[in-house]
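In what follows, subunit A forms one complex with subunit B and a second complex with subunit C.
Presenting the complex of A and B:
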């Protein structure tokens, strides 16, 4: 088991190294002066250039430069943003948690809704419930996310006025930043009318979460349904039936556990889609997340921000996917290599 | 008294909108304490018969029978719950692929303990019940020839070898102390020693506990020494059934004869370098079943009358369905 963990850690470290190298190369590939791209100072004066040359060890070999770049990455000197002039590390620290928060709620919601519905559809295979759920899922599957977000805004914010149009929290309230996750921050802080602020934050969350979750929910529903049907038709479930176990025993003890196994790797793969969708939705709802921030950076040709933002998102995805893979590897008894020849 | 009595069992499968009779009027009677062999080549519906008996078939398939009783109780009209109960207590099945018929996510011990019937436990307290279960399971594993029961119990199905797995399946079949064990080709793909161990185990169980065994196989050699009674299946139809010795000595149906001939060790007078006999052609697929006697296109004795399904005829305890049986001309 320790070996497995070590191997995965190794893999993560290597992947991240490759990513960081790519981001380092980007400094040269982006248009403009590499020094400006690296530091984030748009038009450095000759004095500053000399200072920066020294700071980033521009006179040494390429690989040594990369080494100092890595050190800078770890110590948090990621440079400045062209457009705002603020330090990029603080910008990412501000925007990334907002995105993670939104995606987490969306993922949780799609699991809570998608898994039981998929299970239900699988249980009622070839019946009306199944067909109804399947048609609804095709609908959710094929609606573009941004369009759905627009429709939700049109319906629920503009027509009905139930939910706020954009943003994370009403401008009236001020929540001190502790973790960056707004719901947690509200719970931890000691502002007055806490419950009002909390409700306001939740109301801001509902529409973006729904528009991201729609797609993921349908995917989870479909995979769960298929996986459950396949498990029910598998030999061991048939055998359990033939042994005379009750339907409840068969389903709860054998079918559900086995049909849940293919869901987790799927989750790892869907995470990127989820994050991409979250980025689009963030722009529409002016959610102060990393997607919104990155897209603004792209519009303004803020190369240091693009570089760092890409690196941050990629790191998040790599670590998340690998963690899920590792978890699966440890949980699934089929993957352990113990063979017992003689008993 | 007969344990299982099946008359005219028909199973229809929907293939691309057409109902095909995968099993056509199967007759099967199993008596107490008897080893009954069900023989036929692959694709003849042996496994389907078993699935129909235990009820592990998809709901959209149609099962009909004139009679399908288990010790006088009708299995077809019984509610699903009762049927499960009967099967749980009286019938055990050993499946073809031992590995794929075990849940890959549970250890063998968990799976075996799960099916220990409540009736075999004396205590009411759950921790004592757990102990009792352990004890029952341990004894069972020893009885089927698994010595290291601890290692076996904590292994997952993919970790153990095929023949141990098959022994384990037999232990699973014995745990409910059934009246009938259905063994669906339990020796498939095994080498000779493992095979003979399994066969010995089954016949010992039959002798010691007066258990009936329905032995399904296409391996005549394995069966002929231990079975008392044999039913031959071809393409979803029962072609002949009768006493094992009687059948071996004087088969009436051409298909049974062909089956016996294809196993060379049954023919003592076989000269060296003589060609092995086998029927021409292969078993038809379900989409292209011939009308009448399904053996028709392959039968050496087929005549025009064979397009009508032959009725079951009887000579003492020997049933056959053929218009022109062997030894018939001599009568």
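Presenting the complex of A and C:
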């Protein structure tokens, strides 16, 4: 087991090193002065240039510069944004939790809705319920996420006026930032009429969460359905039936648990899709997350922000996927023997 | 598969329906609280169109900066009465002018408190020192703060105010004398414009001590109805009520500028109630606002002009004949219909009909492509001649869609044998490049900041305005400068009209620019917003606006 953990750590470290190296090379690949791209000061004065040269060890060999770049990355010294002049580490710390929060709720919702429906569809295999659920899932599967988001806005915000269409919370409320997760922050804070503020934040969450969750829900539904059907046809379930167990016993004790196994790796795989979708949806709902921030940075050619934003998102995805994978290796006895790892 | 059906009995169809029903009920019971917005916090949200470049309107004539600062954070010595357009007291309670028109004496208001914020605590109230500091900043190149933000004060520069003022002197703490070099009847009106804001000298001094002078425009201190709290680029500006405000207005606790560049998104937010008022509704969306029962659309004739300026410093546009020919080739009525959706009137000259310098009897150049063709030939312009039209990338009240207008003009000019290239850059780059004068012609415009016609004539076409970058035609006529200079020496409207009419005739003859339209000014807001009125003279005013 220790060897598996070591192998995974190894892979994560190497991948992250490659990513950081790529982001370092980007400084040279982006248009403009590498020093400006690195520090985020658009037009440094001769005095500042000298200072920055020294700060980033620009007179050293390339690989040494990279070493100092790594040190800067670890110490949170990521440079400034061209457009706002704010420190990039604080910007990422502000936007990334917002994206993670949105993705987490969407993922939870997908599981809560997708798993029981998938189970139901599997149970009613080749019946009307199954067909109905399958056709709905095809719909959810094939609607582009941005279009769904637009439709939801059109229906629920503009026509019915039920939900707001932009932001995380009404700008009139000031919630002090502790964790960056708005719902937690509200609960922790001691602002007036806390329940109103909480409800306001939830109202802002509903539409973006629904638009992201739709796609993932259908995937989970379909996989759960297939997995359940496969399990039901497997030898051990048949054997259990032959031994005279009741349907209830067979399903609850043998079928459900085993058919849930393929869902977990899905979590890791779906996370990337989820985050990508979240980034698109953020732009539509003006959600102050990393996707929205990155798109703005691209519009404004804010190279330091693009570099750091991409690195942050990539790191998050790599670490999350690998952790899930590692966890699976450790809990699933079938897989623990295979020591080769892959992303 | 055969034995699979036995499991169907585990959940009966009826049970499924029951479960669904239970789920729905669970969802619905929470919905009531969720779908009805209950905003108990006291504040007004205004959806603005962009980031201000700073919080000092002295530095920037762009409407976005003025909106975010001028009437919210600051006060001026004088104000305009929004109804009559006459000058009324603000920080100056009274004033007198000497008989030769050179010496202005102002009596200042007492007990006017500056903002108390996290970054500055004032120890004294407003007095004459603050006025002297604020004026010296744009007036005197050797004052400590003059060069802090680049040393360019476009508005004051375009009106030549720095050269006009001989000295600003303190008589006592609440009495101030301003001496002019020559009489100028528009002087009081200029002091009431958006840019003539009063800042705190005490704050400036404390910043100087801390060696943080540049913060004066980023973390502003003024005497206005709201104090600055927080600005996040591309996101919002937060203001708090200034509790010791001297004026009568009852302010809401908070004022938020929700920065939303897309006009359709601003409208969407207005419809859902996420904004209480919005900036610059698009002309194509006016009908949507009119039809909505929750929204109000206010309309007033605007003090602005959208025009097509030729770069008269560049041949062949230095010849009046060429300019006349090109302007004959354009059907302005069609442009107004297509671009302004009939929410503008055809411009005969650079001043709008609401100004007393407007001449209703003045003739308009009619659309006449064959005459245009002939005139072009006479001036030696061969068919196939290529020119460029620079079109603003942004929506302005005086021109909601310059790029589309340029495209329409392209086809009109094609018909008389002139090829057009349309050029556009990002807005700040656009203005930067425009100042360098590399364009052949440009579609842009001007919104006046006060009711005085000098505010159109001088910034748009005087020789002095070439340097300050508001004379887009690079047109310099000593005769014209003489006329508008003379007009300022007289105080009676009839006397001044005489000179402005002559200036009108000169513009019509020389055509350095083709006036296209005077657009109406629109303001859209929700029905429960009280006290929000269009400020015909410049930036948006949110003092005294409350929610029912």
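In the analysis below, the second predicted complex is superposed on the first by the 335 of 343 C-alpha atoms of A that agree within 3 Å, B and C clash if a C-alpha of one lies under 4 Å from a C-alpha of the other, contacts with A are read in each partner's own complex, and residues count from 1 in each chain.
The rule is short, and it goes like this: a residue touches a chain if its C-beta (ideal position, glycine included) is under 8 Å from a C-beta of that chain, and two chains touch if they have at least 3 such contacts.
Here the structure is a predicted model, which is why all the values come from computation and not from measurement.
Enquirer: Contacts for A:63 in the overlay, against subunit B (first) and subunit C (second): which applies, first, second, both or neither?
Expert: neither
Enquirer: After the superposition on A, what does A:258 contact: first (subunit B), second (subunit C), both or neither?
Expert: first
Enquirer: Touching A:1, do we find subunit B (first), subunit C (second), both, or neither?
Expert: Neither subunit B nor subunit C is touched by A:1.
Enquirer: Quick check for you: in the superposed arrangement, does A:83 touch first (subunit B), second (subunit C), both or neither?
Expert: Second partner only, subunit C.
Enquirer: With both complexes superposed on chain A, which partner does A:248 reach: first (subunit B), second (subunit C), both or neither?
Expert: In the superposition, A:248 contacts subunit C only.
Enquirer: After superposition on the shared chain, which partner residues are touched by A:238: those of subunit B (first), subunit C (second), both, or neither?
Expert: The answer is both, since A:238 touches subunit B and subunit C.
Enquirer: Is subunit A touched at more residues by subunit B or by subunit C?
Expert: Counting contacted residues of subunit A, the larger count belongs to C.
Enquirer: Which parts of subunit A are touched by subunit B and by subunit C alike?
Expert: Overlap of subunit B and subunit C footprints on subunit A: residues 233, 238, 241.
Enquirer: Can you list the residues on subunit C that touch subunit A in the complex?
Expert: 1, 3-4, 6-11, 16, 33-35, 37-41, 43, 45, 233-236, 238, 254, 256, 258, 260, 265, 268-269, 271-274
Enquirer: Taking the touch rule as given, give the residues of subunit B at its contact with subunit A in the complex, in rising order.
Expert: 51, 54-56, 58, 60, 81, 84-89, 91-93, 95, 97, 100-107, 114-115, 146-148, 151-152, 155-156, 158-161, 164, 172, 176
Enquirer: Within their complex, state which residues of subunit A touch subunit C.
Expert: 83-84, 120, 123-125, 127, 129, 153, 157-158, 160-167, 170-174, 193, 196, 199-200, 202-203, 206, 232-233, 238, 241, 247-248, 250-251, 286, 288, 296
Enquirer: What residues on subunit A touch subunit B, complex-wise?
Expert: Contacts found on subunit A: 126, 233-236, 238-246, 249, 253-254, 257-258, 261, 332-334, 336, 338-341, 343.
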